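Chain nomenclature is as follows: A, B, C, D and E, assigned in order of appearance, with residue numbering initiated at 1 for each chain independently.
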């Protein structure tokens, strides 16, 4: 019964994953190929949202929330600001790519091949165990116990980045 | 042993450094004081050398004396181990002696761009390196001192040298560094294969146990380090450039002491520690040595520049030294040590002369010189004397480096090919004729005849005060050692026998 | 679900990100491509976290998110700096030092 | 008396001291140092004579022909020791030593005296005497040496001094060229000395001691191969030093030096050193070349070289215009006699010839010097600047004639006895071919000396002899001439039949032991050689008669008067000599020989020099500078080139960097993955 | 809720062990605040404060060293051992020296001074954390903390397009490589299910580790640090960034940042990936050989002294990588390899800082980084010339200056490991050290043997901070050269695997 339910869920998950993945793949490709900077940012939103959905599928709700908040809410906005501040053409612009795009394509495709082969070799048909929600509290505990030092370090890092970015970016 | 004995050798090595620092503290303008300090330092060091000479136990010259063995770099089991035996003593003394003479010679001869302060400091630092190399009984200590001479010499050539000095100085530096990079690898291999120690006496006892194939490789590394310094054909090309461009005093020190570091390395380190490999390498070393003898001589004949000629003659002379070493016999190595000292005295003297000639004529081009005996007879006769000494005239020091080397190659150590070494003997003997050829031809062109038109009316002053003071001891020693070689051989013989001990078992 | 579904997706995003970083002229677009790479990493981490019930994976992902934010901030600051001096964010023209 | 023998080292030491004193103080002395030289050699001479007396009074051992005196082999000090070998510095005194000491010190003393006048006013008067002293000491060191190593010392000191003295007037390129040539040529031979001494050192079980080496060589303890090698090598040195064919060409050139030097070189030092070396190391040569062995006779290199040299040099003496060159070739030829003598086993004869030759050759050279000093105004050209000097310089003339005749080998005079002994040895020991060679040489010697005397002192005065005013030389010059001429006249009697003092005194234990044969005076040989010499002289006169027309008639008639006894032979000689030998000598043979000498032999010698320089230039310019050094510089250059190629990748574009990085990363990742999963 | 609150236990904190970090963080905050308070003309006080703070942070390190022992926290994720202490102290001292060098530079250049100190301190904090980080997350975070301020510091000369460019290149490549590293970390995490190095070590060396994906993961992680230490072919940023960045920052990057990269590598290789030398030995062999050779060859053609030093530091990294390539063949070699890298790093820091200090001092007069501007320096600034000569020849490895011992240790590790590959690498290193001499000597040649280019012989004034930096560096360089035992001992002490 439970097994059946799980299987049903699995099918559903797979369908969702398939759809989301498809849109992510398309959107990701558009991010790096579109000739409009703003469009690129918007495609990026699609990818990031897809990632959040994947997190949900992986039963990591907290991360999914953080993903939406930080990435879509902050980072993309930041990037759009950046686009504005650097007066990038809002509309189409012909040359957003440099002259080594073919080399880049070869490199990344090759990399993809290597990674695909190795991933397949390692986890060929390993199934994910039935979803067990990892509670936010556990994550929190972990952060404040095992990973308290990295946490503190990140806080200083953010402070430093803030101070530095202000100095760097400000007019004088 | 009295109290100072423990310190005497350390003092010999490091006193020049103290002198260098003192010279460094003197204001730049007070040149007399700088010179005085340098002279006094070098004299004190020489006095220390005399003390060593006096206290040395000649009956036991194969043993290390004035030994000091203290902690230094425990992490790699390297110790501050110094000591001298019959092989190092003469070379150490030579180094001290030459330094004093160089300081005296420089007195009012400082080459452009003058700056006696820096020049004297470099000279004293150089002495630290030279003395240290001859005293070191630890491979790492040896290495440090061996390399310590590079920098001062580099600057001496590069700053105070001739027109092409920058090229020459860097060439000298790169060449020697290349050799020492491989040499240090050899030292390390010795360390790991020879019982985790850098102590030379210990390694001499244990080195024979290393597998033959490994020995061969290690020896190859050491060979590169030492052969470049000697320099042996075909690693000699730095030498003519360095000598030609170096200031007089630099050439003298280079010829008299620095080249000896290489041959000394063979005798002190490569051969006694790796006797088996030495035996396998000896025919090749001998071959390169005789090639060097002939090749150096031929190159001399082609020279138009006085200093360059003397430089190439060093290649030939060091060939004799290396031939002696390659025989792996007591005779050969005794000859080598004698040859080292003799070459130091004679070629050092020749470079002094070349320097003085250049100073007077502002050229070293042989074809522009001539009639030196007319204009400066004393200078000319001294040049002739040195040429004779250099070509190995019996009764002068040079002979005792050449003849025993030839003698010994008639019967090399057991296991070496007699026909091959006898062939080397004949080639080396032919080399003596070549030596006469280039030296006398040089002498004829510079000293004989009448002055060339351009110098016909220029006033050429003869040998003056500082020159006499600097040269007289050298000239005297050339004669004394030549007439009574026992003075040197009885110091070296015992120590040499320990070097060749490994080959003795088989009949030598 | 297969673990590899996520891993392949991540690998794909990673490679697309790499392509973007290598091929895009506009500095802002390059920053976006870098975000793709970091997201690929995060998918990996979260997928492994789910695969092995490992909290550390999620925590790691969180740190990556936080630091990604800081990186983008700094990156934009630098892009602005460049823009202010050169009036362009074309990376191919930023090549005054070479050799 | 042994004290004297043991202290024979003083004899070479005194000239050394004299050298040092002259060098350092000579210029400040009233006579510019010459007094030290003369005094030193005087003392040495006295000591030599005393030593000789001591030797003679030494008690002989053995019986009859085997009767000999033990040599004094005295170690002075350890020269050095290494590798368990103690090399001593010692002296060895025996008959040969004593003989040589006397000859050398005497000739040198006389040369010193001669030079005080001859070199007067020379630019380097002091230097000259210093070198002269050192030169003498070199020879004295050689002859007193107990070890081969000491011999090398003396040998090379002579080489040095010959260089200094031949090139004494080094302002002229020709003089310094000659000095260099002498030094190189002898030095080339010295390869053999170094090798030979080395070989014998080991063959004799590590000793340099000459007596020991001789002993072992004669004992048959040495391997024959080593002996042969050692002896051959030493003989190469002898060829160089004693100017034997084919290394004789330096000697005539060496006439560039002042005449007293020539006298010293030719009579007592330098060139004689080679002969002395063979005589001293005779045990080695005797065994190595089987000189005394039956059946081997006629085929040993020493005799062959000596024989060739006799003829070659004698022929050359005919065509020289320079009086000193005539004498020089004559010396070469006479050295050939000595060498040949040693080669044929006539040891005593050869040594005796050294002894006698020293006096008359020194006399001749000094005579020539006297002529140039006072007669021909510093010219040595007989044809251009001499002639008719007999009446102006009677003492010089007569001493010259006496010496010439002694050289030609007419009876009673010194050369006769010594030459005769060599010929006797050759004949008796089975070296018949060399006997013939010796006889031909004797004839030629007589003839060219006749020519020389004629051209110098007779006939019309020419050139300088006519223009300047010839006069007799002062006593410092004529004195030595008289002494030498007297000795040339009488010294041969020392080994005259019935007397034979010389041979007995020279016999030492080594040779007694080896059984080197002694032959007694034979009238047949004596008569034959005398005859031959007279024939030579006669032929000389005949030749001049034919060539010089009217003046020649008196020449011939005078000869006819002098040689009336041999009228019968006259016709025979006339035909033989005039048509064949002299015709040949005048015509193609000497020219060919001279051409051969100048162009081939000398050409080889000079060519070796030129060739060596050419090779040297090639080695230096091409091999050293281009290949060896080029490789070094090339390595540096290619390193720099590599650097600049690599710099291209650093194109300044950050994304290119990233592309390379990712490309490399992807490829390396794959490679590593494959390696690991393999 | 209560249960949850109870479950949220306060972690065990060893405050003593964390004291250096805490002090430094405190100083960081004080500097930030002080910067706000202090008057614009007296900003140097902030710098001095930062300097005092750095030195103050050394005190707890000393007490920790005295108390001894290894303090491990969070399941081995954060460890304070001798290795950590040695490097923490080293980073603090390097930071202090850089601060000394930069004080006048920043002040006279009219750059933001307080923030400079702040960012520098944060970066140093990142390094200090790195020294103790023994799990992937900590390493990642520490890496970012030390990098991100450095990206900005590189662009600190805001009006200089070159500085901007330096910053941009460094930033972009840095972020990209950290992305690659993260991807690799995620893979390794996926295989081993842990982030703690000592826990993943046995898993990696087991059969599990023999999958291609592990090799790729390990390699990707190493890439980031290869980038950080500017190993060829991940070095491209270095010359451009070094040239464009403010010189003290360049010194900082080439010394402290590089050391931090090596610290991470040491920890990863000798703790996490121990036993997997089948993966990293060939990798490091190629990296080391390429790095030495390319760095040296390209350096030959440089005309700008900073750029030359950049390539030189690339090449130096190659020597430091040599022991990595040869370690692992046996336990003994492992130890000597680690020691070699550590000793080299420490000595290299002193030599390179010194060289950059001289460059800063000379640039005060010549306003140029061209090597030709060093012509005849000996004639008007003999002291600086002497110092520069010492540093250069120390870098070249000429005894008795410190560098020889560093190179010696590297050679030693290679020969200790033995085998043809190790010896071949040693020979390559040897040949490279000769090539390197050429360009080091070239600068010396210019200083000693060439004429003064514009005949301007006004002496160079060296501000006290810079002088102190020079003094510290030269004393260390000479002291090590003459008595290397001191550093050799540190190297032994700091070795991770014993």
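As a convention for this text, a contact is a pair of C-beta atoms (placed from the backbone, for glycine too) under 8 Å apart; a residue touches a chain by one contact, two chains touch by 3 or more.
All figures in this text were calculated on a predicted structure; none of them were measured in a lab.
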item: Where chain B and chain C overlap in contact partners, by chain label; value: D, E
item: Reaching chain D from chain B through chains that touch each other, fewest steps; value: 1
item: Any chain in contact with chain A as well as chain C; value: D, E
item: Central subunit by CA centre of mass proxy; value: B
item: Far-end chain from chain C, centres as C-alpha averages; value: D
item: Greatest separation from chain A - chain, by CA centre; value: D
item: C-D compared against B-E, more contacting pairs; value: B-E
item: Whole-Å separation of chain centres (CA-atom averages), chain D against chain E; value: 78
item: Whole-Å gap separating chain A and chain D, where each centre is the average of the chain's CA atoms; value: 104
item: Geometric centre distance via CA averages, chain E-chain A, whole Å; value: 32
item: Chain centre separation (chain C, chain E; CA means) in Å; value: 25
item: Per-residue overlap in chain B, given as positions that touch at least 2 other chains; value: 174
item: Residues within chain E bordering two or more other chains; value: 137, 140-141, 144, 148, 152, 155, 158, 167-169, 172, 176, 180, 190, 211-214, 216, 239-240, 301, 438
item: Multi-partner residues of chain D (at least 2 other chains); value: 636, 647, 650, 652, 654-656, 658-659, 662, 665, 669, 673, 677
item: Each pair of chains that touches, named by its two labels; value: A-C, A-D, A-E, B-D, B-E, C-D, C-E, D-E
item: Residues on chain D engaged by chain E in the complex (per definition of touch); value: 636, 639-640, 642-644, 646-647, 649-650, 652, 654, 656-658, 660-662, 664-665, 668-669, 672-677
item: Chain C partner contacts - residues on chain E that touch it in the complex; value: 136-137, 140-141, 144, 148, 151-152, 155, 158-159, 161-162, 164-169, 171-172, 175-176, 179-180, 182-183, 185-187, 189-190, 193-195, 239-240, 243-244, 301-302, 307
item: List of chain A residues in touch with chain E within their complex; value: 114-115, 117-119, 121-123, 137, 140-141, 144-150, 152-154, 156-157, 159-161, 163-165, 167-168, 172
item: Sites on chain E touched by chain B in the complex; value: 339, 378, 382, 389, 393, 396, 398-400, 404-405, 408-409, 411-412, 415-416, 418, 423, 426-427, 429-431, 433-434, 437-438, 441-442, 444-445, 448-449, 481, 483-485, 488-489, 491-492
item: Chain D residues touching chain B - in the complex, by the definition given at the top; value: 77-85, 149, 152-153, 155-157, 159-160, 163, 167, 170-171, 173, 176-177, 179-180, 183-184, 187-188, 190-191, 194-195, 197-199, 201-202, 609, 612-613, 615-617, 619-621, 623-624, 628-629, 632, 636
